[in-house]
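Read from first to last, the chains carry the letters A, B and C; within each, the first residue is number 1.
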Amino acid sequence: MFDGDVHGTVAPGFEAVRDEFAAAGVGGAGAQVAVYLRGEQVVDLWAGDMTGEALTGVYSSTKSITVLVAALLVQDGLLDLDRPVAHYWPRFAAAGKDRITVRDVLTHRSGVIGVDGGFTADELADDQVIAQRLADQRPYWRPGSAYGYSGFVSFAIVGEVVRRATGWTVRHHFEERVRAPLGLDLYLGLPSALEDRYLEVLPAPQRPDWASGPGPRSITGIGYGLDSTPPLDQVAFLNTRRVRALGPVSAGGVGNARGLAGLYAAAAFGVNGQAPLLTPEVLGEFSMLHSTGRDLVVGDAGQYALGFQAKGQRYPFLGANAFGHNGSAGSEALADPHSGIAFGYTRRRFSPTWSYPEHDRLVAAAVTSALHAASVH
Amino acid sequence: MFDGDVHGTVAPGFEAVRDEFAAAGVGGAGAQVAVYLRGEQVVDLWAGDMTGEALTGVYSSTKSITVLVAALLVQDGLLDLDRPVAHYWPRFAAAGKDRITVRDVLTHRSGVIGVDGGFTADELADDQVIAQRLADQRPYWRPGSAYGYSGFVSFAIVGEVVRRATGWTVRHHFEERVRAPLGLDLYLGLPSALEDRYLEVLPAPQRPDWASGPGPRSITGIGYGLDSTPPLDQVAFLNTRRVRALGPVSAGGVGNARGLAGLYAAAAFGVNGQAPLLTPEVLGEFSMLHSTGRDLVVGDAGQYALGFQAKGQRYPFLGANAFGHNGSAGSEALADPHSGIAFGYTRRRFSPTWSYPEHDRLVAAAVTSALHAASVH
Amino acid sequence: MFDGDVHGTVAPGFEAVRDEFAAAGVGGAGAQVAVYLRGEQVVDLWAGDMTGEALTGVYSSTKSITVLVAALLVQDGLLDLDRPVAHYWPRFAAAGKDRITVRDVLTHRSGVIGVDGGFTADELADDQVIAQRLADQRPYWRPGSAYGYSGFVSFAIVGEVVRRATGWTVRHHFEERVRAPLGLDLYLGLPSALEDRYLEVLPAPQRPDWASGPGPRSITGIGYGLDSTPPLDQVAFLNTRRVRALGPVSAGGVGNARGLAGLYAAAAFGVNGQAPLLTPEVLGEFSMLHSTGRDLVVGDAGQYALGFQAKGQRYPFLGANAFGHNGSAGSEALADPHSGIAFGYTRRRFSPTWSYPEHDRLVAAAVTSALHAASVH
C-alpha cells in the first residue's frame, strides 16, 4: 500500500481508481496508472519512487506496439496476414515452415518459439539475429495445431516481415506514424537523450523457484527463455542499455503508463480529437479471439486475439472484444471498446509470484467508473 | 420427491424408471418422463401438477427439431453442410463471415453467438429479426478455431438457410414431415387452439447469482443472452404467447416428454412400425462428435455432435454416438442407438443451480432396463 | 524395493540409475532397465524374477516399432503421410473416411478407434481382421477435429497401409532393416524358438474398478477395448501364444529393456558406430508435437508427436522433442535428443493404479547422469 504518497489527477467519477491504486501492494517500489475514456485522459497517477514522467521496462507490453504496426500495415494493404511468412522472407521456409502464415505467428500458432540450443543474452537483444536463427529452426509443434506463447523471440519474425514488406522497421513505422505525432511516452529503442528518465526494473524479493518447475529445454522453458546461455535474466534484460537502444519488438520496449494507455486510446478511440488509428473493420479483426484453450507454454492461462491478448478472457467483466497486452514486472495495457476505456499500468518491481492482482482491481475500478459515467450522461 | 402421486404406465422391466421418477426432486412442481425402446413406448409417467398431455416450454431441447429438419434436408440432398451459409444467404458474408459453413453453425464453431449491443426481448422472439442482425455481426472468435454454445440465437441462421434453400421454414418442414404424421406433442409455434394445455414455466426458488459471474458483454454473457435489453428473463421467455406462437428455432419450442421421446424414437429407430426417419448414414454423420474440449461460453461442459449434443460425453454409460439436446428448466431428450432407448423429460420449475441431477438417474435407469431386457430376450 | 538382488552393470556416472532401480516398487516381480548414451549402452540392469535376457509383453511400446518403420518408409519416399489412407487402401474410404490421412492415424486424430459392437478377443490378435473391420466403420469423431488414443486397434490401419504401399508387412520391414541387423531383443511376432525366454505378464494384485468408470461403449471404453467380447483382458492378451506369434502392430510386441532402449538409440543416435537410422529431418518431423490438449479417450494425459508419444510433455525435465512410447504393465521407452539418452524399461506385473511412478525417477536419473557426464567431459 502506498502511504499517502499517490500523486497526480483523476477526473470526477474516477476516484475509485485512485483508491485502488493507493491500496495496491507493489513491492515497496513505484507504480503508475493512466486511463483514457474515449480518447480523453481521466486518470494520471503515480506513486512511490516513480514520477508520472518516469520510464521503465514494459517487457511484453511492447507487443502492443508491434501488433499495432502490423494492423496499420494491414489497413494500408501492405501486409496480408494469410500469406506465408516465406512470401515476404523466403529463407523462413526452411525446416517445414513454408506454410506458416503471418497470422500464425501473431496468434502464437507457428510453433517457432525458440531454437535448439537456445540463444545467448547478446542474441536476445537483436531482432535480426533472433530472426536469422529462427529461420533455420524446425517448429516445436505442428504449425497451426496448437498455440503457445513466446515471450522474447517470436515477434522478431513479425519484425522481419514488416521490414521486408515495407523497407521500414517496426520501430520506424511506430515512430513516424504513432509515437512522434501523438507524443507518446513509449519507445521501441529508447533514445540516449531520454536515458536519464529510465528507472531500472527491480527484482522480486525472492526469485521464483524454477528448479521445481519446467526444464529449460521443455516447451515451457523454451517459451520463457530458460534455455538461453546463460538462462535469461529478465530483470537484467531491460536494465541493459543495448537492449533498450535496439528495442527488440517482442519485449524490449520502454515507457510509462501514460504511453501505454495513450497507445490503446489512439488505436481504438482516437485522441486529441482525431479518428481512431484503426478502422472498425481492422480493429474488429485484431480484437477477435483467435487462440483459445490450453497454451502449450503457459498452461491454461493464455487466450489470444490477433497478436493482442484477449482481455475479455482475462477480465470477465470486460467486453468480449477487449484487447491489450501485459508484460513482465507487472505492466498492463488494454482497450475495452464496450466501456470506452484505455488503460496503462507500470510498476518497477517484479512480483515473486509473477502475478499482479492489483491489475484486476484497477481495471475493474476504471470500467465501473466509465460505465457509471455513461449511465449518468 | 413425489409423494405417491406418480401416474402413468411402465412396461415390465422398466419399473426402475418409475422408482427414480418418484424419488426425483423437481422443485415442488410437475414433471414428465417418457421412454421408447426401439420404437415402442415403454415408459409414460407424470407427476405433480402436470398431466401426461400437459405442454410446457422445452427451451433448447427445441434444437432437436431444428437439427432433425436439417438432417432430413441433408438426406434429401437439399442442404449441403459444407457449403458456406452465404451460398444460401449472401448477406451473411458480411464482416468476415463468407467462409462460415452450415456445419460450423450447427457445431457452434461460427463465433456468431450474438450481436454487439445485444438484442431486445422483442427481437429474441423472432428468428427473422435475429438472423438479420446476426448477418451484420463480426464473429466473436475466428470461425472454426473454437466452439461456444449459443442458447437463444445462433440457430436462427440455420432457420434462414433452410428457408432460403427450400422455400419452407423449419416449422413448416417439421409440421409436414414429422409432427403431424406422427402426432407428436411437440410444437414449433404452438397453435392457439392448444394454448389451454400450456402450463407456465416456473422460476427457481432463488435466481442464480450472476452478479459474481461473467459480465454481460463477455463471451459467456453473450452466449447466455445476459447482454440483452433487458437481460433475458428465461422464465418469461416461453411464458410469452408471442414467443410460443412464433416458435424461434433455437429455444422457442413447446411440448411434453412424450413428444420429445417420440421425436428421437422416430428419428433413430422408427415408430408405429415405420422405418427410422434418418438413414444410418445420415444418423451416423449427425451423431458423430464434432466439437470437443472447452466450450468458450459454457466452460468445460459442452461437447457437440452435429447440432445435437453428444450425450455419450454427458452420460458415460451411454454409447459413444448417443445424441440429443437438453433445455433450460430441465428438459432433456436423447436417443442411444446402443441400448435402443429414446428418452424425453420435462419439468416446470427451473433449478436454482441450473443442474438437474435427476437426469442422470432417469437415463441410467432407462438404459439399464433396456440392456437387461435385451439380455433376457 | 528390490532387496539386494539388482544385477547387471552401469557405466561410471550412471550409478544413480541403479539406486533408483533398486528402490523401485514393482509389485514383487521382476523388472529391467537399459540406457544408452549417444549410441553406447551405459545401463543394463535387471532384478526380481527377470534376467537381462528375459522377454515379456511390452504392449503399446510396440508402437515404437510401427512408427519407426513408418518413419523409415517416409525417409525412403515410399510413404506420404499427408496422403489419404484410401490412396493406399481404397476400401478405407467407406463411411466418411475418404480424407483421413496417414498422419491423422499416426497422431490419433482419425476417430477410428474401434468398431460398433466391439471386437472379439480372437479378432484383436490379427491386424488384418482388425483392419478390415475398421475399414467399414464410421469414425467416432469428425476426423482431424480432436484426438484420442486407441490402444489396441488403430495402428492396424498403419500396418495395412505399409503392406499395400510396399508389399511388406511392418514386421518384415522391422525384421530386415532394424531387428536382425542390430540384434535387438524386441519382436513383432515372437519366433517359437524364443518362447522359452518369454515370461508371462502378471496381473495387478487388484484389478482397477472399471465399474465406476466409463461405460464399455463410451469413447473411453472403446479406446481401451472395454467393448470387446469378452471385455479385453490385457493380461491374457500377450500371454496368449497366438497374439505373440502374430504380433499385432498396436500392442502385440515382446521384448526386453535392452531391445526397447536399443531401438531408440539406433533411431536417434546410431549404435555400433553406425549413423542414426533416421535423418535429422525425419527425426525432427516425427518428434514434433502434433496432438495436444485433452485426449478424448484418456482425458488430459495424452500428447503426441507423430506416432510417438511426446515425452517432453510427460517428463518436463526432458527436451521439447523427446519421443517414445510406453505400454501396459509398465513398459517405457524413449529417446531424448537433448541429453543423448535412449531408455528402455519393462516390468512383469501390472500396477493396480495403472500408474508407474518409478518411470519418472528412472528417466530423471538417467538424464541427470547424462547431462552431468556431458558437463565434465
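Here is the rule we use: contacts are C-beta pairs under 8 Å (C-beta built on N, C-alpha and C of every residue); 3 or more make two chains touch, one makes a residue touch a chain.
Just so we're clear, the structure is a prediction, and the values are computed from it rather than from any experiment.
S.K.: Which chains sit in contact with both members of the pair chain B and chain C?
M.R.: Of all the chains present, those in contact with both chain B and chain C are A.
S.K.: With over half of the numbers shared counting as same, classify the chain A/chain B interface as same or different.
M.R.: Homomeric contact, different residues on each side for the most part.
S.K.: Take the average of all CA coordinates in chain A, do the same for chain B, and state the distance between these two points in whole angstrom.
M.R.: Distance between chain centres, rounded to whole Å: 43 Å.
S.K.: For chain C, give me the residues that contact two or more of the other chains.
M.R.: In chain C, the residues touching two or more other chains are 293.
S.K.: Mind listing the chain B positions that touch chain C in their complex?
M.R.: It is residues 281, 284-285, 288-293, 312-313, 316-321, 338 of chain B that touch chain C.
S.K.: Hey, which residues of chain C end up touching chain B in the complex?
M.R.: Residue list for chain C touching chain B: 95-96, 111, 138-142, 145-146, 213-215, 217-222, 293-294, 296.
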